[in-house]
Amino acid sequence: MEKSVCEIPVQENKPAQKLAARRYDSQNTIVDVDGIRFGDKELVIIAGPCAVESQEQLFTTAKQVAGSGANILRGGAFKPRTSPYSFRGLEEEGLELLAKARTLTGLPVITEVMDTRYVKTVSQYADILQIGSRNMNNYPLLKEAGLSKMPVLLKRGMNATIDELLWAAEYILSHGNEKVILCERGIRTYETAYRNTLDLNAVPMLRHLTHLPVIVDPSHGTGIRWMVSDMAKAAIAAGADGLMMEVHHDPEAALCDGSQSLFPEDFEKLMQDLQLLAPAVGRKMHAPHTALV
Amino acid sequence: MEKSVCEIPVQENKPAQKLAARRYDSQNTIVDVDGIRFGDKELVIIAGPCAVESQEQLFTTAKQVAGSGANILRGGAFKPRTSPYSFRGLEEEGLELLAKARTLTGLPVITEVMDTRYVKTVSQYADILQIGSRNMNNYPLLKEAGLSKMPVLLKRGMNATIDELLWAAEYILSHGNEKVILCERGIRTYETAYRNTLDLNAVPMLRHLTHLPVIVDPSHGTGIRWMVSDMAKAAIAAGADGLMMEVHHDPEAALCDGSQSLFPEDFEKLMQDLQLLAPAVGRKMHAPHTALV
Amino acid sequence: MEKSVCEIPVQENKPAQKLAARRYDSQNTIVDVDGIRFGDKELVIIAGPCAVESQEQLFTTAKQVAGSGANILRGGAFKPRTSPYSFRGLEEEGLELLAKARTLTGLPVITEVMDTRYVKTVSQYADILQIGSRNMNNYPLLKEAGLSKMPVLLKRGMNATIDELLWAAEYILSHGNEKVILCERGIRTYETAYRNTLDLNAVPMLRHLTHLPVIVDPSHGTGIRWMVSDMAKAAIAAGADGLMMEVHHDPEAALCDGSQSLFPEDFEKLMQDLQLLAPAVGRKMHAPHTALV
Amino acid sequence: MEKSVCEIPVQENKPAQKLAARRYDSQNTIVDVDGIRFGDKELVIIAGPCAVESQEQLFTTAKQVAGSGANILRGGAFKPRTSPYSFRGLEEEGLELLAKARTLTGLPVITEVMDTRYVKTVSQYADILQIGSRNMNNYPLLKEAGLSKMPVLLKRGMNATIDELLWAAEYILSHGNEKVILCERGIRTYETAYRNTLDLNAVPMLRHLTHLPVIVDPSHGTGIRWMVSDMAKAAIAAGADGLMMEVHHDPEAALCDGSQSLFPEDFEKLMQDLQLLAPAVGRKMHAPHTALV
């Protein structure tokens, strides 16, 4: 008798990761960044602009997101851009501004590193290294991120399978760094109504397969501002450990990703909605940030 | 200066649907099926087996889902199967069993119609006609569903864009039938970790583009039992008006889709979780079904 | 030691088709339509307009393609269109015009059937029934096409796997009809530079897996007129048994698919190119059509 | 009146590349590597093993492919592998072996560079730098490849659009290096019958949009040995300027990509077939390699 399509086994007979796989460690791994614990009951909210554009832009937005309850500040100093003629970030000046924004707000900062030659420099300024989706298969970079021993946020490649994301994590883990946070950020499909297709199925699947924390980026995942809050809530309901979102004090003037960046008031409203949602799905929001009290 | 990828306009310059598009009717359309209102504040929960297999199987499962609070009973009498050698349903005998299960539980029933020649027959037994994902572009069937004036649940094709789903709805609407409910049920992507990739982005996007109610099928959307509840909750948090799920009193023995069917106790637990979740996102669950009191 | 990605077995442990699979019949099946033999050494060229629009349009184009050496005339009488407001074909009047064009040119005709209720009618006029890509999973239609005993051209669904295409063929074969011709016509991918992504990999794969003849439709496969000839030649070099192409005497004025229809002079040039190419890959072109001598 | 799907304009209103776009230079660019001219009438055939495994393996295969008429020798010294536990190449020892194989056969050599820190070293040994599909969006690496002024073979990312491939080329061109050869190598789709879906539509589309030479890699494009020759011929018929293929003197024992590597006798047969095919599509094969006479 023929086998039904619906009985096709998932990932049978495939090699599994040794260090990233759940069977290696039945407890969830908690990645602690200056007291902010990814993978614990409290949700971790990362927010900030796509790119660091200027001190005024960064500080304004940073204070707004900190005031609304964000736990970590994001901002790109090195930007991967499709066109060589686009704004590609302030580079080291951007790193310095991020460090100042950390002092200003008390929030740890995360920023992307794209080149093996810059891992050390970025590690001096940032609290978390971000490996972007375009670099998920940049194996030399994964190795350097592993050797750095820094907390690493690893974004799923826009065409990566769940299995490949876990193999990318394995590169970091196998070089002696257990501080890996996974991030679903949208995959590429035939659908053109959104910039990417945020794949929330990845959340329960990753939580099943790995002990590492899993967060979601609904800004890149959809590419459309008015979709971000709904998908952020959906991500939390699906079981995500946190969110990363783009917020800009003036999205219309943003040098990058303006159309998917939340206005500060959108972000404030979303944080209030999450205060209601989190307990309904067995999670908690962090207490207000003490540095701001 | 070149245009950033993130500024690509969504569906600019494309013709829009005349009747399905939101601008046609700024109010949400409510599709009322025997007092169960799709598109209203109360969430609508459809549950039941993939296929009607026997009176015992259907009645057992029907009583269980009704007891847990389902609002509508599903069950396939005509089954679209990849192989011609698979079980393809009890056909008219299945329709008769569904009608009896309605009498038994008081729940309206929904079942799939696959052939223009059967629209009248199925309409005599069912409360809602289901157009399955394989038939979303079966235009003669859409026309007959329109002419029938029955409530129609239209599932998104597994390779259909949001735009094409709305055009399929337009076929039904343009033949004089406004009672159309849209259903996201997973799309086909490169990812093989799940049977399909449930696309919850469709929920906010459809609510933006159309006035028609939108529900989600996390059973077909994932194809994996233990993913269904998490994705069901995520769908509601994303703004869906309801859910359709496969429940079987004995999934291991199911003739179809056993691996994605919930056990009755899974469904009971999910319904309790939704009682907590719904108010946290501004929705309500229906009051217990009076026929069972 | 872990298994390399490149060693993943193809379709291991999956049920195979009983009648469509190559092991059932080590000889290639030849489908003979009035002396035109699909699957033999001679390539079969099907050409004509997307839709039958009028007697003048059809006859003009039919004589042109016959004169250039086409073996079979195509033309749609029932057109599946995304929008209910688009031109959907002349229906039975179109069928009658096709029959007249056959008398005029001596070429057998192929046309699409979309509805189980029309299989008998279309069979009275056409020499080959076409099942379009949107209906590849329309199982009742596949069954009726099987029962009709007519030659059937089965187009791959735009999201269908090779395996599913063979299962669709199995539906026709298992209802007693061995005259099935498979047609690759482009699949849906993330790429937007072309209307569809013509998947020529399907040609060697299908020839490996099945004994049925395989042709290619580069018109729908690309959606862009100036790509058609290059992809037509590539299809033949990949091993296809023939081609189906849209040609219109005045593409700019076509009611359907104008932008992918060849001008008659493009088609004439392609036929000359194929005269050179065919022997270089071990195939032949048909001798000139005697009815026109 | 609504616009038909088939009339959607291709890439209208999108910014185009300044240097890679055809309008910049109506002549085709010819990239000359030691007298082997990519983009000219003669087809360029690159062949060799996936990875350099040992002197014996490399020299044996190198002599075989040179004897069959290959124009350039390929071989990986740095291998991007999904798992950190897989064989990742002989690194600098591999580069030295490639240089020796060049002396032995007289063929220029191509090898992949994956890390900005190795561009200079690889440039000392290789005649062409290969940027692999996983690194198509590794912008720092593209920049270094541009600054190196070496001939660069840029492979399309497995989820890259044609537009993005041209933007990646633009990165190299805009850093002062015009010697860019594009390579289609298969994209990721829902189809699982092949490892990747070789997209030959890219060939006519790229030749339309850019003046740069375009070759095809049917080994990675299909991942299946017995598909390689058919798809190689199809690529040439579609208009490709050359081919890159994996050949191994003992594929069963290969440390990488054995299942897609041609046996030397397969490659010899293919080269004979191409001698017939090339003139039938207006191209030529190179005269026999003089160093071997």
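Chains: A, B, C and D, in written order; residue numbering restarts at 1 for each.
Please note the rule applied: contacts are C-beta pairs under 8 Å (C-beta built on N, C-alpha and C of every residue); 3 or more make two chains touch, one makes a residue touch a chain.
No experiment lies behind these values; they were computed from the predicted model shown.
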Inquiry  = Give me the set of chains touching subunit A intersected with the set touching subunit D.
reply    = B, C
Ask   = Looking at C-D and B-D, which one has the bigger number of contacting C-beta pairs?
value = C-D
Ask   = Which chain has its C-alpha centre farthest away from the C-alpha centre of subunit B?
value = D
Task = Please work out the Cα centroid separation of subunit B and subunit C, and write it as a whole number of Å.
result = 34
Query = What is the distance, in whole Å, between the centres of subunit C and subunit D, each centre taken as the mean of its C-alpha atoms?
reply = 32
Note = Whole-angstrom distance, CA centroid of subunit B to CA centroid of subunit D, is 47
Request  = Would you pick out the residues of subunit D that each touch at least 2 other chains?
outcome  = 2, 8, 15, 81-83, 85, 159, 188-190, 192
Request  = Show which residues of subunit B lie in contact with subunit D when the two form their complex.
outcome  = 2-3, 8, 13-15, 188-190, 192
Task = Would you tell me which residues of subunit C are touching subunit B in their complex?
result = 15, 18, 80-85, 88, 114-117, 134-135, 137-140, 143, 157-159, 164, 167, 170-171, 174-175, 188
Ask   = Considering the complex alone, what residue numbers of subunit C touch subunit D?
value = 1-2, 4-8, 10-11, 81-83, 85-86, 159, 161-163, 187, 189-195, 197-201, 203-205, 208, 221-224, 226-227, 230-231, 233-239, 256-260, 273, 276-277, 279-281
